[in-house]
Each structure stands twice: as structure tokens, then as C-alpha cells.
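These notes concern the structure reproduced below.
Each chain gets a letter, A, B, C, D and E, in the order it is written, and its residues are counted from 1.
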Amino acid sequence: MLKIKILLILLVPLMAGGCGQPPATGDVSPAKIYRHAMDGAPGSLDPAQAASIYANFVVVNIYDTLYRYKYLARPYQLQPNLAAAMPEISEDGLEVTIRLRQGVHFINDPAFEDGTGREIKAHDFVYSIKRHFDPVTRAQGAWLWQQRIEGLDRWKAEGSDYDLEVSGLRALDDYTVQIRLTRPFPQLIHTLTQGFAAIVPREAVEKYGQMLASHPVGSGPFMLTSRDSVRVVMVRNPHYRKEPFDLADEGFDHAIHEAWGLQKLQGKSPPFLDQLEIEFINEGAARWNAFSAGEVDFIKVPVSQFDSILSRREPPQLKPELAERFHFEASSESGFIYTNFNMADERIGYHPDPGQDRRNQALRCAMVKAFDWTRSNETFFYKIGRVFPGVLTPAVPEYDAAGDTSYIQRDLEGARQLLAENGWNEETLPVLEYGFPNGVTERQSFEQFRNFMTDAGYPADKIRPLIFATYGDYQRAYSAGKVPLINSSWTMDYPDAENLVQLYYGPNASPGTNSANYNNPEYNRLYEASIAMHESPERTAIYRQMNQLLMEDCASITGISRTLLFMWNKDFAMKPDRSFLGGYFMRFVDLAESLNDAP
Amino acid sequence: MLGVTFISFLLMVYFGPDKTYELLGKNPTEEQIREVRHELGYDRPFLVRYGDYLRELVTFDLGLSDSNGEPVAAILARTLPVSLALVLPGFVIGNLLGLALGLLAAWYRGKWLDKLVMSASVVGMSISFIVIIIGLQILLCTPYGLNLFPVRGWQVDGPGSYLYYVTVPTLALVLVTLGYNTRFYRAVMAEEIERDHIRTLRAYGASPAEQLFKHVLKNSLVPVLTRIMFSIPFVVISGSLLLESYFGIPGIGLVTFNAITSGDQPILKAVVGLTGILFVVALMINDMLYSLVDPRIARP
Amino acid sequence: MMRETWQRLKSDPYGLSGLIVVSVFFLIASCVWSGLLGQGWYEVSGTRWEGISAEHWFGTNLIGQDILQRTLFGTATAFEVGLTVTICSTLLGTVMGALSGWYNHSWLDEIILWLKGVLDAIPFYLFAAAVAFALQGSPWAMHVAMIVTFWTTTARIIRGEVIRIKQRGFIEAARAIGLPGLKTVFRHVLPNTFHLLLVQASIVFVAAINTEVILSFLGLGIQDGVSWGLMLAESSQEVLAGHFGNFLAAGTALFLLLMGFNLLADALQDALDSRRIVR
Amino acid sequence: MTVPALRVSGLSVWIGSGADSIQVVDGVSFDIDPGEATGLVGESGCGKTMTAMAILGLLPSTGVRVSCDHIEINGRDVSRLNTAQRRKVLGRDIAMIFQQPATALDPVFTMGQQISAVYRRHADGNQRRAHEAMLASLESVGFERPEEIAQAYPHELSGGMRQLSMIAMAMVCKPAVIIADEPTTALDSSTRALILHQLQQLQALHGTAMLFISHDLGVVRQSCRNVMVMYCGRLIEKTDCQNLFSHARHPYSAGLLSCIPQLGATRPGRISSIPGQVPALADLPSGCHFAARCNRSEPRCSESTPVLDAQDKKGVACFRPL
Amino acid sequence: MSNSSLQTKPPMLELQDLSVSFDRQRQLAVDRVNLSIQEGLTLGLVGSSGAGKSSIARAIMRLHDADSGKILFRGEDILRMDPREMKAVRQRIQLVFQDPLASLSPRRSVGQTLLEPLQHFALGDTLSRQEKIRHTLHTVGLDHDVLRRYPHQFSAGQQQRIAIARALVTDPDLLIADEAVASLDVSIQAQILELILDLQKDLGIALLFISHDLAVIRQIADEVAIMYRGQLLEQSSADAFFSGPAHPYSRALLTFASSAEPPRLPDGNWNLEQARSAMEVNASCVFAHKCAEKMPVCEQLEPRSHRIQYRDERAMEPHCVKCHLYDEATGNEN
């Protein structure tokens, strides 16, 4: 009966509509349209609020930053973008002078005097950074520069008057910016590649106010035409500065990039696309379906599909029938996933009584031992995630591939023994809440976590879920120290390990990024000592030492870096990139050679 | 109306989600937290915030989304048409089909046709909306089924693409409402058919068509209209919420869903206010229709 | 009275099969509560996405939990939610409906009607979300949201019926001997709404289970434990990858239980029809 | 001999199916001549209304079984007609007036619309002529301002006016037969008198035959010349009114008559009542259904059934009539 | 039995200028009515529907608030009683309704129904209550095996007997029967009337018998009161009334009630349309718009209620009429 009903109902619209066909797109139109799928949606498109990967992605394609990373070179190398050259840095590392390219204009917008975009000047950069220190902006990037640029914090304290000059952030002339730092900040240039540091015209801010977030006025390669909850559409900025692509300079490697057809870009000026559409598809399965149905040209493959697309895991390789149609790249994210213990919680963290403090440490270490990274990797990351001990992810040079991995080896016996030795049993073990924001995967992670713990003898009813309706509420709760077990992930802001080790720096405790509230004086001291250092063997040694401290204290169950698989249509010549927050430039994406040459 | 706004404000805004931490940068200072809370207005007294809310509703100045800074009014203006286009076919078909089946079953009540329709409607009522959505998606949108329609999305630029995107959600909506509608309409019609004045009609030789379409239908218009009117606000918002979040359709439901999961209060406030208004409007139209349809109300 | 109802119910094949289905599910739920079944719902006993086997009748889910165990446990969750919501909302609805019907046109009636109007005007999922926010983290948030919204229908039915019954002679008779209002309501009015309450309760039960599924799917549902809604939510991430275990198990169980309840509700409605009793 | 306007013979009705079915009308046969009013009297549940509904074919097709030899209107057998043919007869040749005019009229159409719909259905589709016929009919039942009534909805009229309108509706096609089922039961005594008066005048004017169903012997006496008494689904006595009141022959008829309270200057003595109760239809005694309550019964009364001569105007179904 | 001998006794129940209005529209349902009921006697209250008969009954039971006037039960004003006193009065006055099925609680067995008043008034102990119920059932002609059954399992006549039994179980002094036989078939009506007459004879209770049917009233009442649109138009002993109704309305009612054939319309304006439009006419006599003997004064002045003097032997009996025809001051044309 049900069948009949369904059939009947199915037939009606089918017959009436003669069956819908997918709407005609790209391939018949001469315009070059590229459709990108993203696994999340950006919130605000105001650069000052481009805190998420997704927002950053859109922002850096609409606005311009002073620096960027080379398109193809890995590990990452900095490259001037709107800046004319790499910065001049004084001996003491405190004074940074940056020269801007001349003749670069904002896009045309009614915000400007005669509706045409004016030239970008040094004071625009100064203004854009200052904005982060104006409470009205609701900026999220200020933490990158606060306490670091001379006078900026005071400027804020004095009321954020843009007409007042900040001693550490000045436009020397129309094309020269000078930044004076309070202490050496080797990562400064990295921060200038981020969407946060994108250059915003003051006229637009004053005209649109908060609505700048939905009405961006930039100077980037693309201009926003529409956005809604599921997609944004951008078109080429016709006045984008001419800047021919130089293969060698961008780090071209024949072995990898030739197959992707990137050599054709040589000498041409981006952007190459006429239209850029970004679909936001949270659902992995839906994203995959959209991709396999040809509705989008590029995706980050959802883990649930790894099974069906890979012919081998190490290194990941695409099945031949897919490889015929798609390009493929596997890369490891620079961030990682981990579970912090809230060290400020006396049930599990620091305790004024030294004996209890020790027992708590034993409990944490037992839980670390009970955690089964292999299993977790297999379940959620198709066994191709990269598990590593501590906080130094495989993506940074400080990672010690030959180091001791016992921290991430499951040792149930050891865990039980540790518990027993320290007087932990079913009665004495504390009730612990495992916090997570609402979500299927999050819940599954929790249930798996609980299973790992019960395997080591932790009673199931003593590990309880603490579910939050929104991510913000979850953050609020753990920032307030209300969550003993904090499931979290970290995406690096820039490819420098400093961004990782600061996660456990005592003064960064909640509400800062140190959600574990880890506070080891030795660790703190080492961090402070390394603060002025560039990447170097000395700094690596310090970082590894810090990593060791962290593991000894068992402040966190850590960690795994996901392996990201990207697939894209062979119609396009491109190089995917999404391992950290800063920068993903769509301006270099082009139609593949064969298609491009077709009339 | 005041009650609607008050209760929803109390629950959703005052005790509602806190967006502060999502809007904060990393490693924030206490001062920054205070600043954001101030910017979001969380630090103002309850009554002031409620008063502001009412003023916003009355002046239709709904502010900007906390998430993406877009004016809420613009978001509504953009998403409402999409939602309407999405749910309207299902709503209309679901009601018309339900009405037709209900009428049919009521006329043949007790006969096999009635039993068939009623059993089918029980089956329909017993399938969860979620199961229908997922099931239809598997059946129609994936290689495991017929793979005829898109899994998600909404890129409508003409009748063809409209059909392409709207079919599966419409089917889901029809399937989930048809059982309930049929039952309801059958009950109404059956009651109406058993009324004495229909017997009078039969005694005076009126044809079944005249009985059904002239007298039964007109007499049952009041409950039918009530049901239809009052389901509109909910279909537009609640019904589209599941459909849109599952099929990735940029309508008001998805916006609401995102607002719930991200705690975007200006949007939540607007949506609640909007449904409140819709509800009141439905109430008014309903009263108006009553008096048009039923002379006992028009001329007491 | 009850015997007649039972007789009629027994002679209705649909109703009887509905009753049997519901009873079987209730038995399962009882077994789960008493610890006989479904206790392994959280245990990882297999590898991910195992197919059907002797060990895992319905296969396993992503993290290797047995889907059968989870389905069984989900039955208990469904009944736990269904019973709680049904009992509370029916009680609340009865009291409110009786009050507002008995004191028809009084300020009390007006207030209750207003409250009903307000609750009806707020879209349910938003309301549920709001309650979830307001009761942040409470495992009862979903129950509260449902109870607070579901009582209105019951109250409306009871109010109408009370107003109708109030005009009947036997109420006049009770008032004529000076029986106090509350006593009259409980002794003479409410027993006559029993048949409506029973039917309405079964409808609320269906609605509660259905809603639990949707709320859990949206993530506003149960906290610890597993429910069919959570399984369906899981399945929504799997079905497109070709793993149907969760979907089939939870979808079928849900369908069967709802069907059983719907059939039972129908049969009850027929069996308890007061007009037929009078005749 | 004239052809009777309504001839019913051997009409039986069962409720339910198979072995559980209950016979509610048992072999009812009678004639009504043109212009003649015949009352059908009996206590509630005796099958009066069932008889009327069966004559019109208004009983539901499920759960009820009807059988009859024939039902003739002006000599034409209507019992074998199919539904479409029967529809043509209903309202044109035979019309019915119901007990509750408040519910028997459609609340959402005006009286005028409802009456002219009947006329247009059967006589003349022309809207204007139907309107005129409708007004004429309303006027003929005694309304002084028929236009007002035509524009009124049923709820705007008093009970008596609704019933008069109903009569106007029945009369609009000037049918050969009218069946009036307790037309005045719900009304005041003054309104009742008025309606009976109008009904009688119209009937006389158009020569319409009328089957007048009532539980009230007084009302039947006022409006009918002939009367039939029904008990437990059977006709037990047929006679003219005068005769019944002066000389009822069936013990039940006599008992019924004696139950009616009398008006008079002096207070009447004790009223007599029929002992016992009406048996349940599901559980009728064999033979004469009244035997158990009858003080004249003898053994054969419960063994065999006394019969009433089918088409005679007078008769009694009793072995020992008074 | 001579009514005149009882005349000197104070009445059991007396209504003095009782007015009752409907809930919403402040229209009077009962308009300054004076009535009295003697111990052990039956007052038949007659009128068409909407005349205010039931409102009087409801006002006596305080089911409906009276606007003004007094209801004296054995000299005490019911309207001014506190709940405790009222409870005592309620035990003494019982009601029987028109629709027997509707007046019995469908989900309560006969036994429970009969027990309730006993419990409420705390009469007797458990044992004696059962005995009392059994006895009362016997009185109304039912076996005690009905106790466990439910109302719908009985015929209409039996249901009414149960309702009467419920009224009798507290041994009341006054029974108010509000159209208690109107919905019954004649044969059952006769049985119930018989029962009521017997009960009254055996138990000596007074009866306020409300009916629209004059024939029934003739059967049962000692005194007759005629109501029309809230007003009491005539009151007299039954014999006097039926031998010579005074008010034009009473005479019309009698004409309607006689089962003469063909149906005869009494004189006066009984046209339905007229009746409808007349509702708005504010004549001073409520009956003026239909009255065949209307005089100019009837439209101007409300008639007084006053006694008619007869010349015959029944002159001692009170016979009150509210009509200008009998008022020497205003209606002297007669």
C-alpha cells in the first residue's frame, strides 16, 4: 500500500515536470566559472572578524594583504603581495619597515568620493590594523598584535581615535609603513598574510559600519556579488593589478605540479577566473554527492568517503577510475585535535595537596594511556591521520619524527596499574564531564572516548557528556573552567610552531587559548626565552623540551593531525591548500590547458 | 503577541545562547570580553533589552546579524521567498490531496476505499519526517536509488531548475503531511456528511456532487480554513527548518537553524517576532474568512 | 465500561495488532530498564561499519557499537520520553483544561487561554531550542519543551468537553445538591473525559516520540544515552556513503512503534466512542 | 377506484448484517390516497422513522438492509429505481419534512437558495422562474413577506418559521406525497397549531397525500383522517381517527389512548398506563409482540402472529380485538 | 380534600417579587414573580419555552443567582443563606430534570449515583445508606439489582425512575420536577405521572411541577400558575383555572391544548413574522402583541396582578390575574 502511494505521488510531479534536468552551467558559457565546496560557512566578511578558515578564505580573495605565501613552495615561504618587497627589519628586530606597491586601487564602490576606487596608501594599512583595537569593530584579530606594537594598546585605552597617531604604527609616507614593536616578534610578517591584516578603506567602514561585513570593499582579485547561507558568488575584479605569474618564484616543482597543468600559468596575470562560486556544505556526505554529481569542482573529501576513493592508504592513492577524472592531493593539516584536561579543576588537575596532586597526575596519565589513538585514527580519520605526541605537529619542522612515541601508545595494562598504584578505583574515581558542542561526530567521539576509559576500568557512568547547544556556549563554559575534559581542535594561524607552543603558556590560560589552564613555571620560562627567536635549531631544542614537559605532566591527550584529501576536477589547473588559517588564494586557479584553448 | 515576544525573549535571549566567545579573538583579555558583551548588549538590564526588542519589532529595524553582520531584514527578505517557494508546492499539494482523499474516504466511509485510504494515512502518519527525508534522498538523489535529483542546494533560475530542486523536498513534505491531512479532512467531512441537512439534500434528490462540493465543502470550510491558516506560520518556519537544513537550501529555516546552532540572537528574535506576526495575521485572516464563509458569524 | 471497551478493542484486528506491537516494544523497554537487554549500547564491540553478522545482527556503527543493542536501548529511550511527556502533559493539560472549562469566561480561563495562544504561536523547534538554551545542559530540557507545548492541545480538548459536560443535566444535578465545584469536576466531569484523554494521550505519545527523533536529530534532544533520533542523525552522515544500518534499524523500529500506537489510538477512539456507548 | 398516491407493501428493514441483524420494520403495507392524510403513530423506537426513510431510500447502504414488494407513487414503482432515477423522484414526487428544522437546513445557504435549488433541480433550471416559484411557495405557507424569509439564513429564523420554510421547500415542486416526520414535536403549542393548520390547508389545496408520523395521538387526530398504529416494527391497527378515538380495537391502541392525560373542568381520575415495558428490538417475543403486556392475551397470541390485511384502510392485527 | 382548609397555613415555599436575569444580556428571565407552594400540594407551573419556568426552579436551587426578591423556604430566605444553611435546605428540596439520561452521570453506576447525596449530606452510616438506597429504588419500582449497572443500560422510563430515586433518597419535603415527563413517550409518561402521584400521596411531599403541557398539569396539579415571558399572568387552583381560565393567554393555551380537529387557531395575533417583529415592541403588557382582546391601555400601562372575585361557591379561593380586563381601575370596559 505504501508502495502504491509513493509511486502515485512520485509519478505526479515526474509526469508534470517531465523530470528536471540539472541547470546548464559553466561549460556552455564562455565565462570561466569555478565552483568550490567548503565544509563550513563564513560568518562575517569583515576582515577584522575573519576568524574562521571559511571567512578567511573569502576575505583574502576579496581584500589584499601585504604578504602572502608562495603558491606552490612547501614548506611555506613568505612572498610580498601588496608590499613591494620583503620588509626591512632593524637589527634589534623592533623596527619593521614595509614599502607598498604603487598604483593599486580599491574596487569601485559608492563609498568613495566619485564611486571609483582610490589608490591604496600606507595609511590604509595603518587604519586597518588600528580598527582591531577599536571596540566598535568587534575585531577578533587584535590578539595577534596586542602588547606587541608600540602604543597601540594605549591608543585603544585612550578611546580609539583614528586621528591620533600610534607611535608603533605609522605611515612614513604614502607608500611606506613603519611598525615599531615592543619586543621582537618574528611571526609579525606571518600575521600580515592573514585576512585579519587585509586592507580596508576607511571610507567604506564609515559608510557601511557593521554592514561592511556583508558588503566588502577591497582590492583583491575578486569582488563579491552575492551571498546567502549556502554559497557566495564572486566575480573577477577587472581592475586587479597586473602581476605576472612566475613559476620559479612560486616554487614550481615539475615532479608534482606539472601533472596538474600549472606550468601554463607562467607569465599570465591573475585572476584567471571570471567567476568564483563557493558552496558551503557542512554535511560530508552531501558534499561528496554534490561533487560526484558534478555540482562542484573541488572538495575536501569527507572521511566517510575515503574508503570508496582510495586504492591504498600509505601514501594515499586515488582509485584509478577516479584518477582519470580528478586530480588529488593529500596533505596533513598543521593543526590538530586533542583532549585537554582542565588543570584548574581539582578533580583532575592541580591540587593544593601535593599527594592528591600527584594522584591526579597519575589519573591523567592513566587516561592518556587508556586513549587509543590507533582506534580513533581508524574510526574518524581512516587511519591516515598522523598521530604525534605532545603539541608539535608533524607539519612543523620542530616535530621529532624519531622521537619517543610511548605517549601515544595505548597501554591499558599500564593505565590500570597506574590507577591501582595511586589508589584509584571504581569508587574513588571522580565523575568527569566531557564537554562538546552539539554534533553527531562530537557525540561519537565522546562515546568512543568513554569506551577507551571504560576499557581501563573507568566506570561508564562516571564519564558524562556535557553538551552545548552552540559552540560559543561550549567555549564560554570551558573558558569559565566548568568542563574538566575539553575536546578541542586547533588550527594554526600561521606556519610557525610558536603558534602551537603558546597553547600551554600559563598566562594564556582561560579565557585564552590555553584551555587546559596548564601552568608550569618551567614551561613558561622556556616559552618566554624563545619568544624572540626565529625558527632555528636552538629554538627547536627549546620547543622539544617544552613538549616533553607537557607530556610528563599529562595535561592533554594529544594529538592527531588530520590528513586532508582534496579532489578537483581535471578541468582546472590549481593547487589546493588549506592547512592553516592564513591565506588561500583563488586568483591562481585557472581552467586546464586543454579547455582554456578551446574556442 | 506581547506574550509571544515576552516568553520567547525570556527563553531565547535572556537565558539564551551567548555569542561572546565566538566573537572573541584568541587569548582575549577580560576587558575584551566585557567589550564584546557590551557590543552585543548582554550587559544591559532585562527590561531595557526587552523594550529594545519590542521597538525593533515595531519599527521593523531588526538590526544586524551577530554572525555575519548582514541586516536581519535583508536576510529575511532574501530567505523568505526561497522558503515560500520551497514549501508552497508541498503545502498546497499536501492539503489538496488530503482534502480530495478525505472527501473520497468520507463519502465511501465504511467501504474498502475508505479503509484503504485510512490505512494508508496511518502508515503515512507513522513515518517520521526525518525518515522520509533521508529515505527519499536515498531513493531519489543517490546512486543507491534513482539518482534523479540533486542531493542538496538551491540554484533556481527557471522553471526547470525549480522543479529540479523542489521535487524531493515537496515529496517529503507531502508524504509527511498527507496522512495527517487526510485523516483530519476525512473526520471533518464525515461529520459533515452525517449532518441532518445533507440527509435533507438527499431527500430532495441532490446529486452526490452537489452534496459534496456545494454543501459539505462549504460547511466544512471553517475547520478546513482554520487548519490551513494556522499551519502556514509553522510550515514556513518549522517545516522548512528540517528540509532546508537537510537539503542545504538557503531559506529562512536554514537561517534559523544556523542561528540556533550559533546563537545568533538578532535573527532568532526576528524569526520569533515574525512568526508571532504571522500567527496574528493568520488569526485575523481566519476570523475574516469565517465571517465570509459562515453566515452565523457574519450575521448573528 | 472497561470491559466493553476491551471487548470492542479485541474484536478490532487493527487495534489488536497495534496493541501487540506496542506491548512488544514496551516489553523490550522494560527489559532494558531492568537491565536484561540493550545494556551494551555504549560498548564498542566491533570494528566500524560492520555488516550483518551473527554477532551483530544489524551490523555496527562508525565507532563499532552494535546497532541492535542501540536500537533496543533506543526503545527504552522512546518510552522514557514518551511516557514522561505524555503523563506530564496530559496531567497538566487536564488540570488546565478543566480549570479553564469549569471557570469558563473567568479571568482564570482568560489567562489559560492566553497562555495557550502564546505557546501555540511560537514555532515548536524554536521553542525547544529556547528551552534547551534556558535549561542549558539539563537532560530534561527536551522533556520540558515538549510538555510545555503539548499540554495545550489536551487542555483545549478537555476545556471544550468540560464546557459541554457542564451544561449536561447531571452536573446540574450535582450542583443542585450543593456538591463543591472541585468535587464535581473530579467525580462527574473528568471521568467523562477519560475516553478523550486516553486517545489524546496516545496521540501525544506518538507526537513525543516523533518529536524526540527530530529534536535529537537537530541536536536538541537527549543528552546521555542513545535514541532512534540520534541513530537517524548518525545515519544521515552515513547513508550517502552506503551504510544503512542505523537508518534501517532506527527507521523501522520507529515506524513500527508509531504505527502500533496510531492503530491503537484509532481503535481506542472507536472503542471508547461515547456515542456508541450510549447507543 | 383511484390509484393511491403512495402504496407501500411488504416493507421490512433490518439493521446489522447476518445473524446479528435486528428487524426494525416488519412487513409494513399501506395505501394513502391523493389528498388524504394518514397518521403513523407509535412510541419512540417502534420503527416509524425507519419506515419513512426506507420509503425514500435514505437509509445508508451499509449496515442496513431493506426489502419490500413495492413502493408505488401514483402507481409507479420507485423501489426498483437506480440511484440516479430515484434522485429524480425525491423532492419532485415525494418530499419529506423533518423533525428538527434547525439541523435539517443547511446553515450556510439562505432559505431562498435552498428552496429554489430544489425547484431548479426538478422543475425548471431557469433561475428567475425558480426564484418566483420559491417566493410563491413561501407565500403559500403563510409568510407575508416571503422575500425577507428568502434572504434569511436558517439561524436567523425562529423554530416555527424554519419549519414553515421547510414545508415551503417540500411544497415547491408540488409533490404527490409528503412525509412529515414529527414536524411539530420540537415546537411550542401555539406554533404547532399554526404549522398543523398550514400543512392541512396546503395539503387540501394541492391534493397532496401525506404520511404524518408522530408519537402524539392528539396531533395526529388534529391533522389526519386516517391513522395507523405501529408497535415494535409492525402495523397493528389501521383505522380512521374518529374511530380510533371512539373505538380502538387493538389493546395496545386502547392502552395508548388511555395514557393520554385529559383536559377538563374536573380533575380526571387516575390515569391508566400500559403495564410493562416495550421489549427490546433485538429480543422480540414471537407471535404478537404485545402479547406479554396484554391483559387479553391467550396462548395463541405468543405462538402465531396476527396479521393485518395489507392494503385495507381499516384493520387490526389482533386475535382478540376489543 | 379541600384546598381552602390549608389556606390558613403558611406556605412551604414562597417567592416574593423574584427577578432573575440571563447571564449576558440583562434581559429578565423572571420578572417580579410572586408564587407560593403549600405543604404537600402540587403547583403546576405552565408556560411555553422561554417563559422563565426553569429559571425559577434554578433560582430556588441557587443554581442561578436571583437579581432581586425573596425565596422563602418555611419562612427563611434562601437567597440570604450561608452555605451551611443552604446545604440543609438543599437536602429538603430536590430536582428532577427533563432528560433523564443527561441528568445521570454516565460513568457512575446507579448505586454510586444514589449514594452521592447521602454521602454529601452525611446521612446515615454505610449500612443504613445501602438500606436506604434499596428502599428508595423499591419505592420507584426498581429492583436493587440495578445498583451496579450504568445509566445507558436502562430505558428512558427506568432512567427517570432512577433520577426520581436520587431525588427521593434524602427524604425531601419539596420536589421540583422540571418538565420531568416532557421527553417521554405517552405510555411511559403515564407511568411516571402515576409514580409521582403515588409518591406524593405516600410521602406527602410538596411538588413544583413545571410543564408546558396543560393536560399533564391538569392530571397532577392542585394549583396552576401561568407564565409568559418571565411574568406570572395567572395563578389559581387547578379546578378554578380549568373551569374558567381568566387571562386571554391562558384561554389561548387551553385552546391549543385541546386536541380538537381540525387544529384551531385561537383569536389573536399568532402570526410568526408578527411575533418576531413584536419582540422589539415594548408594550406594557407582555402579552399585548398577541392578545385578541388588546385594549389601548395594554400598550401603555403594565397591568397589576389582582384577585378575581367570583360569585359562585369557589369565591374563597384565590385566583390572581395580571390583566387589565379584570382591573376595575383600568379595564372597566368589560
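Heads up, the rule we're going with is that a residue touches a chain if its C-beta (ideal position, glycine included) is under 8 Å from a C-beta of that chain, and two chains touch if they have at least 3 such contacts.
This is a predicted model, so every value here is computed, not measured.
Touching subunit B and subunit E together: C, D. Separation of subunit C from subunit E in touch steps, taking the shortest path, is 1.
Interface comparison, A-C against B-C: more C-beta pairs in contact at B-C. Centroid distances built from C-alpha atoms place A farthest away from subunit E.
Set against the Cα centre of subunit D, the chain with the most distant centre is A. Between the Cα centres of subunit A and subunit C there is a gap of 44 Å. We define each chain's centre as the mean of its Cα atoms; on that basis subunit B and subunit C are separated by 22 Å. Each chain gets one centre point, the mean of its Cα atoms, and the points for subunit D and subunit E are 33 Å apart. Centroids built from CA atoms put subunit D at 53 Å from subunit B. Contact with two or more other chains is made by residues 17, 119, 123, 142, 151, 260-261, 263 of subunit B. Within subunit C, contacts with two or more other chains are made by residues 129, 133, 136, 219-220, 236, 239-240, 242. Multi-chain contact residues, meaning those touching two or more other chains, do not occur anywhere in subunit D.
Applying the touch definition to all chain combinations yields A-B, A-C, B-C, B-D, C-E, D-E.
Every residue of subunit D that touches subunit B in the complex is listed here, in rising order: 56, 58, 62-63, 86-92, 95-96, 98, 100, 103-110, 117-118, 121-122, 153, 155-156, 169.
On subunit D, the positions that touch subunit E within their shared complex are 43-44, 142-145, 148, 158, 160-161, 164, 188-194, 196-197, 200, 215-219, 221-223, 241, 255-256, 258-268, 270-274, 277-278. Across the interface of their complex, subunit C is touched by residues 61, 63, 83, 86-87, 90-91, 94-95, 97-99, 101-108, 116-117, 120-121, 150, 152, 163, 166, 170 of subunit E. Partner subunit E is touched in their complex by these residues of subunit C: 1, 168-170, 172-179, 187-188, 191-192, 194, 274, 277-278. Of all residues in subunit C, only 14, 114-115, 117-127, 129-131, 133-134, 136, 206, 210, 213-214, 217-220, 229, 232, 235-236, 239-240, 242, 244, 247, 251, 254-255, 258-259, 261-263, 266 touch subunit B in the complex they form.
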